[in-house]
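After this come two complexes, each holding chain A, first together with chain B and then together with chain C.
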Partner chain A sequence: MSTDPILRLDGIVKRFGDFTALHGINLDITEGEFLTIVGPSGSGKSTLIRLLVGMDEVTSGEIRLRGKRIDQTPANERPTCMVFQSLALFPHMSVGQNIEFPLKIQGVPVTDRKARALELLETLRLPTSFYDKRINQCSGGEKQRVALARALAFDPEILFFDEPLSALDYRLRKTLEKELKDLHNRTGKTFVYITHSLEEAMVMSDRIAIMKEGRFEQIAVADEIYGAPVSRFVAEFMGEVNLFDVTGAAKTGLEAQNVEININGNAADLGLALNPGNPGTLMVRPEFVRFLPPGETADFIVAGKMHAEYALGSRIQYEVEAAGKMLTVEKLREDRFMGKPGDKVMLGFDGEAAHLILESPHGAD
Partner chain B sequence: MERIDRRLGFLSALPLGVVLALSFLAPMLVIAIFSVMPQKVFSVLNMPDFSSFGVIISQGYYKSLLWSLGMAAVSTFMLLIICWPLAYGMAKVFNRFTLVLTIAVVMTLFVSENIRLFGWVLTLMKGGLFEGHIRHWTGIGWDSPLYNVSVIVFGLVYVYLPFMLFPLAQGISMVPDDARQAAADLGASRWRILWEIDLPLAAPGIVIGSLLSFVLAAGATAESKILGGQAVIVISDDIETAFTFGQNWPLGAALSLILIGIIGGLAIYGVSRVDLDAIMGRKR
Partner chain C sequence: MRPSKSTRIALLIYGILTIAFLYLPLVSVGFASISKARYLSFPIRAYSTKWYGKALESESVQDLLITSLMIAGIVTVISMVVGFFGALAFARYQWRYRTLFQKIILLPIFFPQMVLGLALLMWFNSIGIIPSWKTAVIAHLVWIAPIATLIIAIRAYSFDPALEEAARDMGANTTTILREITLPLLMPGIISAGLFSFLLSWGNFPLSLFTTGADSTLPEWLYAKMVSGYSPLVPTLGILSVVGSFLLIMLAFALSWLMRSIKQSRASQI
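Entry: the complex of A and B
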């Protein structure tokens, strides 16, 4: 596999009238990877994917597929393909005809394309009897698989997904997420997936790109995005998190703004110090926060009062009030903390579980 | 009470049923009976024979039938070609301008067809609005394009345009945009999208529009009389003549029966092939 990117986006800008939807997007997509672009609605992710498949034109910037410029190529001449949010199956055709559609356009002989369609039904774990089924006789999950089979029949260089699972119920979505990941492994194709669901992104992707207001906030593997986000936005977008406003201090390395955090030693020794007077955000995920029994210690210690307890299935979530700020702690059910609302508790977390966010605001443009 | 409830549907339909039977089915029945009466009788109490159908063959009445059907087919086809882009625009592109266009087209229906056709005669005739002005200014004149088959077809296309346009626009609006986009994404050119996606999905609109224009055009007389100057005789003319000057009701009845048979057969076939619920906006 070459190290050159299969798709390179260079300074993609998209404007609709006065509104700038995308502010100069740069991105390299590696061949064979599963990249997920995550962002809240209105972040520009759907706009971006429409540009990539050729349904809209870029205002400026270049899209290169294996080094060849494609941003001026119409959608039907691009070797890429998309699975729509609505799936966009053709209601007047059978399942087989839907899957064969791209092959029919390419002029593949009837017997060959039927063989390929049956093969794809098998790949997608659908019975071959589905070949003659009408689209409106298929369930939601079956339609998903037909849409996928149709896209795979096209044999695209890159397969794009525009939130195709968002309309399905939770259990089916979980199953299809895993199947999609498995399909990616089996086909070795490059998948670019768009979603607003962090969970979907975490389950499936090799890399995650977080989008906000027409820009990428961070592009990294899931662990890094989760554990070492570059901004408060990414930290909060990626699930429950405890954030503390801190400034650099000479003696302890860090000083919390609103809450009192006792630091065991100097934060500089933990690699979490700021230059004196500089602002930052100290972050720790709820599952890394411990309830400290008397006599036990941690790198960072916060005193608080138990506020509430919520059962989340396999995990229990606790809310602890510390100087008016609500902190979140999560424990596995087997490590359940026995306490009731109003109890005084000590919370602690270690330096290696914490992360310091040094945020620099975007330059205005 | 329950028994009345069960019969409520039948009872509600009864008045309209009676009206339809008397005004629609009864005349058809009379026509059907007269069509098998001997020539030039005015009573249904005669020995049935099929002489009328023989006369239609031997005296060449089938020619006017073929002219009517042929011109109706050509005008329907032309309407389809002309209205498709317009209907597409109305369904997908024009947005608020669609309303303006709709009102403009509907307005023409407020003026009697005959008056509009006479307007065209005044416009197209030698020394009329076009030729008269241009000859006056430039000295170049030409013969009137009136009184031939082409101008009859033009008249049919002009008069029946709304009957094709609106069902077609309705049909095209049922084609989902994402299906078109998906087809393009999967490599289909515009023509392939038209052929594989637009035409089959807009089929109900196409069938309804074509049926309406064909049926109306096949029974039309004003265009051939006014614009065509009876360059060809159409079937409705023959039917009218047989019932009036010809004093041959059985012949008129037989001609009517053939026309009704062909048009009715086409309509039933067409309607049975399309999903009428879909075009009426009802869910399946």
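Entry: the complex of A and C
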């Protein structure tokens, strides 16, 4: 596990005129892992991936592939390959010609090329009759698979993905996410994927790197990013969340700022206390919040008033108002809570489901 | 959606006017070319195709056709090449003086051709070049190459830059990208630019008038014959010139149809 990284980024800076898009990025990518870089648009993730494949030049910093510096190597001489957002399939070539393109460039003989292309069609679960299809005869999902086959034909050391699923409809995207993860397992290649979609990142990745304003905010496995974010930004970016501004208090360990939270005992016993007077943010995901029937208790209890209920499919989302603040609760449909808007409710959550963000409220900036 | 009644009437009037102004005059020239009489008059009393025979036999007519063809042919080839690279600079690549280039290249099109022809003639004289059909090639190019550039640029604008980047990413160098990706994708634009170039040069009068010197192109000859010494060969050559343009367009259509069906048959055989 602790072998040398396949790709090491060391202090990558990219400037466009006066604008700094990347402020010294450091990152080690392990061979064979599926790393997803997630961030809102404008966070610099696309800029970063363009530097990694060699379509733009770094302003400063080093990129090393297996210890060898490649940041000055042009894109066509790097052993990496990218699946583009637009897929960039060549419209004047057939599916087979597209897949064979990198092989043709490498000078592979015609018969070997065709054999490899047919093999890849099979790997991507496309019928071999697709070999002679034209690109514009393929559906969105089929085009995805052709683009993947072409990238695999190149046999890259690292396969990069620039949000290739973003243009597809929801169901197809879900299917392809799973296929991509499966493909990663089968090929054992290193995948680096960028997306703005948390769900995509969660489903597929071994590790997730969250990017904000040209810096990594957090790099960790999916569960950790979801359950123990380092900042409010990460917490909010990774889906619905309830955040409470808190400060350390001597007696109960924590004291909420705007909402009244009843803490059962001392938060220090739950490992969630702050030094008295220090600010922080208490976080709990909506699915860990319970509606407390009379007589039941929890580590943290908030009184509120039912505001609205939304059906999200398999889950039901509730909005509960507590001292002017909207809290979100999610329940599976089978655990549906029967309540009308305006009803008084008690919400509770436990210490192990909560997480304390130590960064000061409203971020460091 | 069915157009409203007033729209339909307007469309009908538009259609009639188009035929009346665009095609009827051509038909009358056609009639004149097969009239037996020496002078143009309606109604035509006797028909004959003898002027076509005479035109094709006449050495001066052959010279005219060759001169016009040569100019148009060379202008077409150069316009396609210059237009291809010009279009890449115009639409595809970001560079410092791009917007200036985009404006300057449009200027010759907006210049009155008479003025452009005169200016070029004076310039040729001042640097001591004797005007001939070769100088006409240059004059035509000044006006036609920008048009070819624009036509190819339209195609280049709809071209996804990621295609070239993807090719490079997969190991292709600049020459390979040009040959395998850029050129084939811009080809429809290049072909139509070539067609336009040929037709614009073939039918051009004002630029040729000033810059061909002692040589003469078809349109020049037609004009000269109309103002002094009408000959029945005038409508005949006029029709021949139209037929030539028409055949060229048909040829282009046939070629593109042929290419498409070859591609399809290649795609369908497994």
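Note that in this section the second predicted complex is superposed on the first by the 357 of 365 C-alpha atoms of A that agree within 3 Å, B and C clash if a C-alpha of one lies under 4 Å from a C-alpha of the other, contacts with A are read in each partner's own complex, and residues count from 1 in each chain.
In this text, a contact is a pair of C-beta atoms (placed from the backbone, for glycine too) under 8 Å apart; a residue touches a chain by one contact, two chains touch by 3 or more.
As the structure is a computational prediction, the values presented were derived from the model and not from experiment.
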**OP:** Put chain B and chain C onto chain A via the superposition and say whether they clash or fit.
**Re:** clash
**OP:** Kindly classify A:Gly342 by the partners it touches after superposition: chain B alone (first), chain C alone (second), both, or neither?
**Re:** neither
Original post:
Can A:Pro294 be said to touch chain B (first), chain C (second), both, or neither?
Top reply: neither
Original post:
Should A:Val53 be classified as contacting the first partner (chain B), the second (chain C), both, or neither?
Top reply: both
**OP:** Have a look at where A:Gly313 lands relative to chain B and chain C in the superposition and call it first, second, both or neither.
**Re:** neither
Original post:
Which partner does A:Asn136 contact after superposing on A: first (chain B), second (chain C), both, neither?
Top reply: first
Subject >> Partner chain(s) touched by A:Gly17 [first = chain B, second = chain C, both, neither] >> reply: neither
**OP:** Examine A:Arg150 and indicate which partner it touches, taking first as chain B and second as chain C; both and neither are also allowed.
**Re:** both
Subject >> Which of chain B and chain C A:Pro109 touches, first, second, both or neither >> reply: neither
Subject >> Residues of chain A that lie at the interface with chain B and also at the interface with chain C >> reply: 53-55, 74-77, 80-82, 84, 86, 88, 90-92, 101-102, 105-106, 150, 154
**OP:** Could you please specify the touching residues of chain C with respect to chain A in the complex?
**Re:** 160, 162-163, 165-173, 176, 180-181, 184-185, 266-270
**OP:** Can you check the complex and tell me which residues of chain A touch chain C?
**Re:** 53-55, 74-78, 80-82, 84-86, 88, 90-92, 94, 101-102, 105-106, 129, 131-134, 150, 154
Original post:
In the complex formed with chain B, which residues of chain A make contact?
Top reply: 53-55, 74-77, 80-82, 84, 86, 88-92, 101-102, 104-106, 136, 150-151, 154
Subject >> Parts of chain B lying in touch with chain A, wherever the complex brings them together >> reply: 176, 178-179, 181-189, 192, 196-197, 200-201, 284
